[in-house]
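Each of the next two complexes has chain A plus one more chain, namely chain B in the first and chain C in the second.
Let's turn to the complex of A and B:
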């Protein structure tokens, strides 16, 4: 009898424990444990994925860098080009930015993966990637110039990651000076959907200082945009997490041309950054070029919280002088010389003449 | 002749070979059950489902605990509370929006207390903010709208009066405490058909009905009963008015729920509704059902239904003489384009195919008759 009562008592106790509602604190603690378990599982999965992709034995070690790939994937010629590209990238970084620049690439651990595409999967595409998931497709056969550009780009990403103030000064132009990149940035500024970007392109250094500051929740929108930009701001703004027919109806009205709807939405939306990180990356590159071989060391030592102040310190000049010389440099890249139009003119003329000649000989048609 | 047959046979063989090459190779659903990567992939899925389950349990428990800690006001009033870290501009904007919505809902003296509580949740992931509605448990308690945001976003978050801040609390502000059957119905269905009182202007003024055939997608699973009701199935119309919380739970939210805890989560704190993200316009058909019913019946008659002692179905029949199923069917029909369930032939494509076939046949016959003459 007593055994039976004890058993029943135990069963009731278990049932009561099982059905007892958990308190908020208990649930909060359980949530933290569940999210921690999820984080560990996701990290372990990423590790296993890497092992799956690269295996354990394949790899190329060059200086302090490591590139992993499946040995069966790359030919000896491509492997050699990859190695030369890595060296070339580091050599250029050392040449432009001194040892501090080269050291940014030393710890880079890169991976080369392959994938097959097409209906019969005849195309093998190679990509090179870094641990922070920057991925670039490689042409075949592997071009060492392309690999070198990737290494420099990666070093730019690392530099901006190491200096929290300059986290938004990355992108493909960081640490990669060149007239082609400058011309592209000049064109993007001139055609920007933010009035400040266009004013900067026209030579207003104050507007360049505005766009050099990444837009955030507290940024004064009037500095960046004019009312005529509002439609573009709404079109590109981050949309709210909760879809809402009322919001989308207002958005549709704005995009159809209702300026009042646009003006209202602009004030409540979280606008997208009108100036991409790569344009700011170009300012970073220019500051480092002005700063010489000690530029990176000065930048890493700077404790400024304002990005432009840190860049001016690295460049060894004032903020206005930095922006002014940057503007002059990027617009010098798009100015055409008197003979730049000769080749397009001759090409157009040649094709027109050829087609005319064929058209007049009707029997060929 | 032989040559023609040879060409035909050759073409046939080539076509068959091409088809054989194009047939995709059968690949197993899970590549290798013993592969540690796929094992971990499954473990990640389980951990994700577990995290979602506990996260939603925590949200609901926290919302209910916040509501229980609230003092019961002596008379119906509007209560607004903000976390100290929220700036003055955002406070003022939200307060004005909430009060405007309450005034619009009550259209006269407030029938029941309503509260807006805005806080910050720095631990929240996968969302900028979440909004819950907590229905009162006892008499005199306020119906509470709880917003938790991830910090700086609240300053610029697109929260407007038209965002239906009040949610189900709009009915409390306008009609007071519901009668026991309606209260039970709200709990059983998680108030899904009563998510807001005023139909938002854009939805009500939208002259074009929702094209169900075009809106078909993964999200259509959420509105499967709307499709069934539009196709003339009475049972589906009943489910539009009284959705099953277990079925909805598995389709809403940011991932699957841990197996074995679906029932627990679906019925946990039924008076708390968390506004799911990704609710599209066509979901509003279902969410606006009670709002539309209130609009059609008018404040006095709907107030009697709301506070009555009969179920929603019985009260509606008593008020109008029609069944709620009939009304739901008409309501869904007024908001959507015709929809035919089951297999069918697309009319335009069929006509186009017929036209091409007739044109080819005519051309071939004309050519053959010319050759004969």
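Let's turn to the complex of A and C:
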């Protein structure tokens, strides 16, 4: 047997073993194994972060909560403000959501870290962070309101982590009600690049129910988007990991205004979430507010797989009534009445009169 | 007597008021054209909002500038004549100052009206999505209140400190910049933000500047 024949035989043998057909079940099993390995890696990463974060030399305890920091980083005054902020956050959670709400923050482990940025103007940035790596910049001197907001935000993250159905209902507005957040959400809905978002803003409760469901690979696109939205969908969609020049040429044509190219691309791309977790977080906040002090307990006990059903159970009302009252609430924060300018009008005239009175008191030439 | 003082105010500051009025009339349309190619055609709600994103801060600057200009110009003319005109009037100083204040404040209405007209024009030219609404009247009224507040503050400073007013104003501005830089460099911005927030939100004196200055909103 010649060398050439031997080489060919070896190649056939390798090809036969390497390209064996895989069934759907085999692929699914492989995917599960990969996901399990990813889960282990993510858990290990979180553990390493926690070790790094909480390997500091000082700390304070407040109830079941602890905050770690380096002694050199925080003055006693900052440390006291940190402690007050923790208490304030938990008090607000208890006030709004009862003991179940406060318990979400009860075992929180937080860390204050510092990092130097900039060579020309080295600036020490202080952040408060949790092991799941929610991190916000901390002003100096430490503002207890800021710490309290972080504690509430962190509790919202913990709540959505404990209820897998609501994994996409977090964001900065979760559990943090306020007219300023409501106004921001109303504006985001009204300017959404998904037609369903805009219809929801216009008062169509069915459309609100649509956008409350996070968009997935199997979601019917026609429910969310209109053909006029396709350009924005293509612009914001996650690009495929492997794409050829035909794809990019088509994308360029779409962004330049070719509707047919957009319609074709929308079917093959993975569209980005049109409204985002923080808008859903606001529905969660509203449901908990309606549900009163037992709302969180009902939510944690709910076994619904549909997010809106779980939220309606927590709120103690129907899904439509929940969405309808949520819509009314967020639009009340931006709706302008004829008397909205009365207060600034009177305030400005008051200050003008005062300044005029001051100006007339002295003759200086 | 108020008529006479108003006449001198108009005479001394008519050019400034005319320029301000043209600028406020044209600003909404200019902002739209800077972001978009034309006035006609369909735009998404986000594109419409983006078209006027920077209009509010720019109008705040114009309002402050209008207040400054309408105090400084008449004072400069009066000062050049060594204040013979107000001292020659058969009026107590207090009454003269009040009338001068009223005359300047009345002229502030003109740029506010042209802003309202310019806003109405641009809203008539562009197509606004159903989820958004135009607020030309509210914006013009906010501009008027903002310019009145700036005018009152500069007027008080000018009539209290006389010729030293410009130096005093410059000193205040430099002081504010130094404080802001020091807070930023040392990382102690919380106190600064807290003070600014108290000033620009009700019942702070600058609350009118902290409100939303939006031509198009939800």
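Basically, the second predicted complex is superposed on the first by the 276 of 365 C-alpha atoms of A that agree within 3 Å, B and C clash if a C-alpha of one lies under 4 Å from a C-alpha of the other, contacts with A are read in each partner's own complex, and residues count from 1 in each chain.
Just so it is clear, contacts are C-beta pairs under 8 Å (C-beta built on N, C-alpha and C of every residue); 3 or more make two chains touch, one makes a residue touch a chain.
Quantities reported herein were computed from a predicted structural model and do not represent experimental measurements.
Participant: Is A:331 touching anything from chain B or chain C once the two structures are fitted on A? First, second, both or neither.
Facilitator: After superposition on chain A, A:331 lies in contact with chain C alone.
Participant: Given the touch rule stated above, what does A:355 touch, chain B (first), chain C (second), both, or neither?
Facilitator: After superposition on chain A, A:355 lies in contact with chain C alone.
Participant: For A:232, is the partner it touches chain B (first), chain C (second), both, or none of the two (neither)?
Facilitator: second
Participant: Quick check for you: in the superposed arrangement, does A:23 touch first (chain B), second (chain C), both or neither?
Facilitator: A:23: touches chain B, not chain C.
Participant: Is A:269 touching the first partner chain B, the second partner chain C, both, or neither of them?
Facilitator: first
Participant: Going by the contact rule set out at the top, does A:191 touch chain B (first), chain C (second), both, or neither?
Facilitator: In the superposed model, A:191 contacts chain C only, not chain B.
Participant: Touching A:99, do we find chain B (first), chain C (second), both, or neither?
Facilitator: Neither partner.
Participant: Please work out whether A:347 is in contact with chain B alone, chain C alone, both, or neither, and reply first, second, both or neither.
Facilitator: second
Participant: Quick check for you: in the superposed arrangement, does A:139 touch first (chain B), second (chain C), both or neither?
Facilitator: It touches chain C, and chain B stays clear.
Participant: By the touch definition above, which chain A residues appear in both interfaces, chain B in one complex and chain C in the other?
Facilitator: Overlap of chain B and chain C footprints on chain A: empty.
Participant: Enumerate the contact residues on chain B facing chain A in the complex.
Facilitator: Those in contact with chain A are residues 21-22, 36-37, 40-41, 43-44, 47-48, 50-51, 53-55, 57-58, 61-62, 65, 125, 127-129, 131, 152-153, 155-160, 162-163, 200-203, 206, 275, 277-281, 284.
Participant: In the complex formed with chain B, which residues of chain A make contact?
Facilitator: Chain A reaches chain B through residues 21-24, 27-28, 30-31, 34-35, 37-38, 41-42, 44-45, 48-49, 51-52, 119-120, 216-218, 240-250, 265, 268-270.
Participant: Quick one: which bits of chain C touch chain A in the complex? Just the residue numbers, please.
Facilitator: 42, 44-46, 49, 83, 87, 93-94, 97-98, 101, 105, 129-132, 135, 138, 141-142, 145, 148-149, 151-153, 155-156, 158-162, 185-191, 193-194, 202-203, 205, 207-208, 211, 217-218
Participant: Please name which positions on chain A make contact with chain C in the complex.
Facilitator: It is residues 121, 123-126, 139-143, 146, 183, 186-187, 189-193, 198, 201-202, 228-229, 232, 331, 334, 336, 340-341, 343-345, 347-349, 351-352, 355-356, 358-365 of chain A that touch chain C.
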